[in-house]
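A, B, C and D label the chains in the order they appear, each numbered from 1.
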Amino acid sequence: MSDKLRIGIIGGGRIGRVHAINLNRVAGVDVRILADPFANADLEAFCQEQNIPSVTKDYKEILADSEIDAVLICSPTDTHASITREAAKAGKHIFCEKPLDPEPDVIRETLEVVREAGVVFQIGFNRRFDHNFRGIRQVVDQGKVGDVHVVKITSRDPEPPNPEYVAVSGGLFMDMAIHDFDMARYLAGSEVERVHAAGAVLVDPAIGEAGDIDTAVVTLWFANGALGVIDNSRKAAYGYDQRAEVFGSAGAASSENDGASTVRISGADGVVAEKPLYFFLERYAESFAQEMREFAEAVRTGTAAPCGPNDALQSVLIARAAKESLQTGRPVAVERA
Amino acid sequence: MSDKLRIGIIGGGRIGRVHAINLNRVAGVDVRILADPFANADLEAFCQEQNIPSVTKDYKEILADSEIDAVLICSPTDTHASITREAAKAGKHIFCEKPLDPEPDVIRETLEVVREAGVVFQIGFNRRFDHNFRGIRQVVDQGKVGDVHVVKITSRDPEPPNPEYVAVSGGLFMDMAIHDFDMARYLAGSEVERVHAAGAVLVDPAIGEAGDIDTAVVTLWFANGALGVIDNSRKAAYGYDQRAEVFGSAGAASSENDGASTVRISGADGVVAEKPLYFFLERYAESFAQEMREFAEAVRTGTAAPCGPNDALQSVLIARAAKESLQTGRPVAVERA
Amino acid sequence: MSDKLRIGIIGGGRIGRVHAINLNRVAGVDVRILADPFANADLEAFCQEQNIPSVTKDYKEILADSEIDAVLICSPTDTHASITREAAKAGKHIFCEKPLDPEPDVIRETLEVVREAGVVFQIGFNRRFDHNFRGIRQVVDQGKVGDVHVVKITSRDPEPPNPEYVAVSGGLFMDMAIHDFDMARYLAGSEVERVHAAGAVLVDPAIGEAGDIDTAVVTLWFANGALGVIDNSRKAAYGYDQRAEVFGSAGAASSENDGASTVRISGADGVVAEKPLYFFLERYAESFAQEMREFAEAVRTGTAAPCGPNDALQSVLIARAAKESLQTGRPVAVERA
Amino acid sequence: MSDKLRIGIIGGGRIGRVHAINLNRVAGVDVRILADPFANADLEAFCQEQNIPSVTKDYKEILADSEIDAVLICSPTDTHASITREAAKAGKHIFCEKPLDPEPDVIRETLEVVREAGVVFQIGFNRRFDHNFRGIRQVVDQGKVGDVHVVKITSRDPEPPNPEYVAVSGGLFMDMAIHDFDMARYLAGSEVERVHAAGAVLVDPAIGEAGDIDTAVVTLWFANGALGVIDNSRKAAYGYDQRAEVFGSAGAASSENDGASTVRISGADGVVAEKPLYFFLERYAESFAQEMREFAEAVRTGTAAPCGPNDALQSVLIARAAKESLQTGRPVAVERA
């Protein structure tokens, strides 16, 4: 590896661009090329502004370039696994957006290729890099909550996706709650063994017609004996509601939402504070930046990624168990990794 | 009825005394007599201090006294139903501590006697009179959260009961969570149709040996389509944790714990606020007083009690369904009232 | 003294009645008589409801009654000093509403009579008994803020008094801020040596026409070297704003307002919490009760009152210095006690 | 001006580097050169990392370069005025760190040169760009607090400067509180007409020996009739305390400190939240970035800077009046601009 870590980004959509901007602020990193089959003038202007020297329509060009150390896979979900395998075989370190694939066996095979290639593999659960959730985790690690008894997560979006998207999204558990399943494992410091899911269509009947739910309450049983509960909604009128709590034998650690400011207005109708930041790009802006810093660090030092192969698999296994529980009405054991 | 409402209290234990003290502060109410089979000098001193003119060992004396308008039944749980029936037949208005009985059929028969007697019957779910929970309910009634989608309740005790008590308590759901089941119905404005319960023994192995759990996560399905979730623990190191949230189509209303003061100490280790008030006597002191005021008001005006016969039955039905769900590992339908 | 402490109340207005109700809840206390020159059917009904056996138009009847141990002086301010002297000479322990008198020399002479009589004398600065302010003081006493550097008090009323009252009130400093001057001494644990006051008429021009101000910022210099600052307003649109902060070498302790509940409503316009409790009767309800408990305790145990003669004098001296500073535009030394 | 705004930075110390990094993230801006008389390998490495192509020891080189559109003056305070004049005469738009100069007449003459040159001039009161303080200002502008009655600012540093620095700093008012004086004007929307300052040496006797104070309470009279109060300390044990409140006829808007996260730990000793962010580089990181975005925008659009010439002068005039008030013990009128 040269002095600087040379990175190629595969996929120039919203999240690919966010990563590009953030990587530009990481010392010792050079984003050299961005690949997107729909590369156009707009993408070229973006790359120019961000000092990314090359744009290509063919990601294989990146994989073939021996000067590239690592790739970011920000392409559509159904290409994640195959590109990951190709990149691993080409010896590139990999950051891949979640999920790696909806099918556990595809994930397993892909991770086996990664393992054989000996490259760093990081999966894009950015919330692990968030100041609030990581803050809770640190408190747990310091022993301040004692043994973990209950993990609670509230995760609500400000607006539902449109029904067309819902139909192809894989459903609330695979598309939205998968972040919360990973967070539950992260906060509990333990794997999920069993899941019970209750769901309802309360936000938009069109979501139900598309075969999905928009509201859920999920119970988790962890290997360490703790219980977990997640509640999800596709629409919170007040914005993006992202809170967590870990309760244990010595106390509890919890986090509140972030607002745009700490300003409170005291008036005749009460004391009004800011709503939560609108959605994930605002709320998790700093976590995306930190995610890139730690990926670069893992590659540079040759250490394991902070969110790695097992995390890519487990969250999908839990999402599938939740879906089955919703359909059968019973608790479902999470498949062994 | 004379100018003043004349009340007899059956049971001179902790809660009976709390009610006596509070009733003494309600205008237009006269506590005339207190009955307890173990009445002793200590109880007599209490009554003297509270200006309660008579003490007896036999509650039947109260029921036979035509000058008594209403009774408070604060005796042991296994006597609630029979004394309620006797009191109703004697034409006394009734306030009865929860639960009326653990057996639904006994409750049904007792309530039928009450109905025939035409007396006011109030069951002791004091939390409905709490400023925080009632505050949430008022916000819901004002339509500020829109249609209810999710009701969340956190209910944790500061210390577990001793194992001897646990063995005869009827279990966490009947003994402790029954308050939360009533609260869930109150906040949702809807009956619970189905329950799923997960439980664990994490606080004290002796509780498990006594055949009970000390930690629980309960999912509720309401008749109006909403979902609910309750998490319980027998021991929170920081005190009595009593919070609720109602989330709906237009927003959410939530409450925090009450502390002894609003004081915050900013120091080198952080900004420290007060713990929650220690336990129910401190936390719900004002709700117990309000409960008595509203019982007196219902009797005086001949209106329905704010927490009545159906509430006495439903909470027990939900507790039983939760227990069955825990044992079978499946969701259980709540028996019809 | 008999078994019970026998109390007579002089003045049956709002505050006299509040004390009567609270004393009725203090064990070992008997309110025996209430005197008011305007005693009427309404006051008699109040006394009957509160089990106060006698009502009289002449407070001298109370002073002459050898069975009365202590008196509460809740009559108009201009009678406080003379009745205090009479009561002291009659050997009654005294609780007197603030201020004892606006004139320092009258206060000094009166306190000398009290001293000679050897009776307990407590002045009615009820806020010292408030859970929030006392909470701050306890933190200071525990050394958690270290040496006191700055004491800050915000004190705003929800509504201004009417201009007629303003004209005879003695002005904002003597009538309203006097509580804050006492609080500043209480929190700093030190006497005030010098004062600078800035004032403005911003709430209501009629207040200015009556010769008073409605908005003030007062700087205090304490004997222990600390500085203090108080800001006052006669009208806060959101209710009664009562906060304090003590900042020192090791940290800070501060208190927030109390609301009717902890309920927060999250909606499209923000997260709305309760306003402060409306005014002093709601906000300081519990402090008035505690004030009576501690007065009764001081009398019963023959110990010094928790808020005594020096407190009655110092607050008036500070108020006068503040008034002079406002008029002269310069800092003014507080007269020696 | 070319497509991109070409900027030269004068002064490569801490704040110069912060601005360089932030400007690198502003679209349409090119930092072309950095001048520092002590330019060394470390500074060159910094410039290389930030893609700043040139480094020089002589700032005059920047002023002589016709390709440079604007300069940032981040050199020592005693050079601000002279470099500003030179830059203005060279036709460069100017961002200058505060204060422009401690002497009002020097400021006036310098601003006159700027005015004649017709260049944009922005002074570095970065806190105006802070989300919390700007949030308060927006609430005031929206009329939600009505007419402004009182502006309150708390401003405390986490650690005092060393006594050597104190001796040459110009004193607490000119060095530290000058930010608060500007903030008071910004929040009140009005000029300060008169000042009263109280001060004390409570943090470190060495500060007193150096002829300065470390603790202050300042009263302000605004032209619009409002009052203001600022309290300062050179050392808060819990970190950087930066809060403000605007109180008015319709309500109040206030801001709290920012912490590193919203995490709260509930344990046996209370509920612990994060301390404030440590110092200005952490606390105001985003305000420094926004300050650069708005400077670039003002230059690009040829509009007035958001914090301009009058702001540079007024804050110094207030600081001088505060110093005189402290020395004379009397309120002092702020010199006319």
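A few notes on this one:
Quick note on the criterion: contacts are C-beta pairs under 8 Å (C-beta built on N, C-alpha and C of every residue); 3 or more make two chains touch, one makes a residue touch a chain.
Keep in mind that this is a model prediction, so the values were computed, not measured.
Under the contact definition, chain C and chain D share the contacting chains A, B. Counted by C-beta pairs in contact, the busier of A-C and A-D is A-D.
Among the remaining chains, the Cα-based centre furthest from that of chain A is the centre of C.
With each centre defined as the average position of its C-alpha atoms, the distance from chain A to chain C rounds to 57 Å.
We define each chain's centre as the mean of its Cα atoms; on that basis chain A and chain D are separated by 39 Å. Multi-chain contact residues of chain D (touching two or more other chains) are listed as 236-238, 241, 250-252, 265-268, 274. Those residues of chain B that touch chain A in the complex are listed here as 146-147, 149-150, 152, 154, 156, 196, 198-200, 202-203, 215-217, 219, 221, 225-229, 231, 233, 235-238, 241, 247, 249-252, 329-331. Of all residues in chain A, those touching chain C in their complex are 236-238, 241, 259, 265-275. Across the complex, chain D is touched by residues 25, 27, 49, 51, 131-132, 134-136, 139, 144-145, 250-258, 260-268, 274 of chain A.
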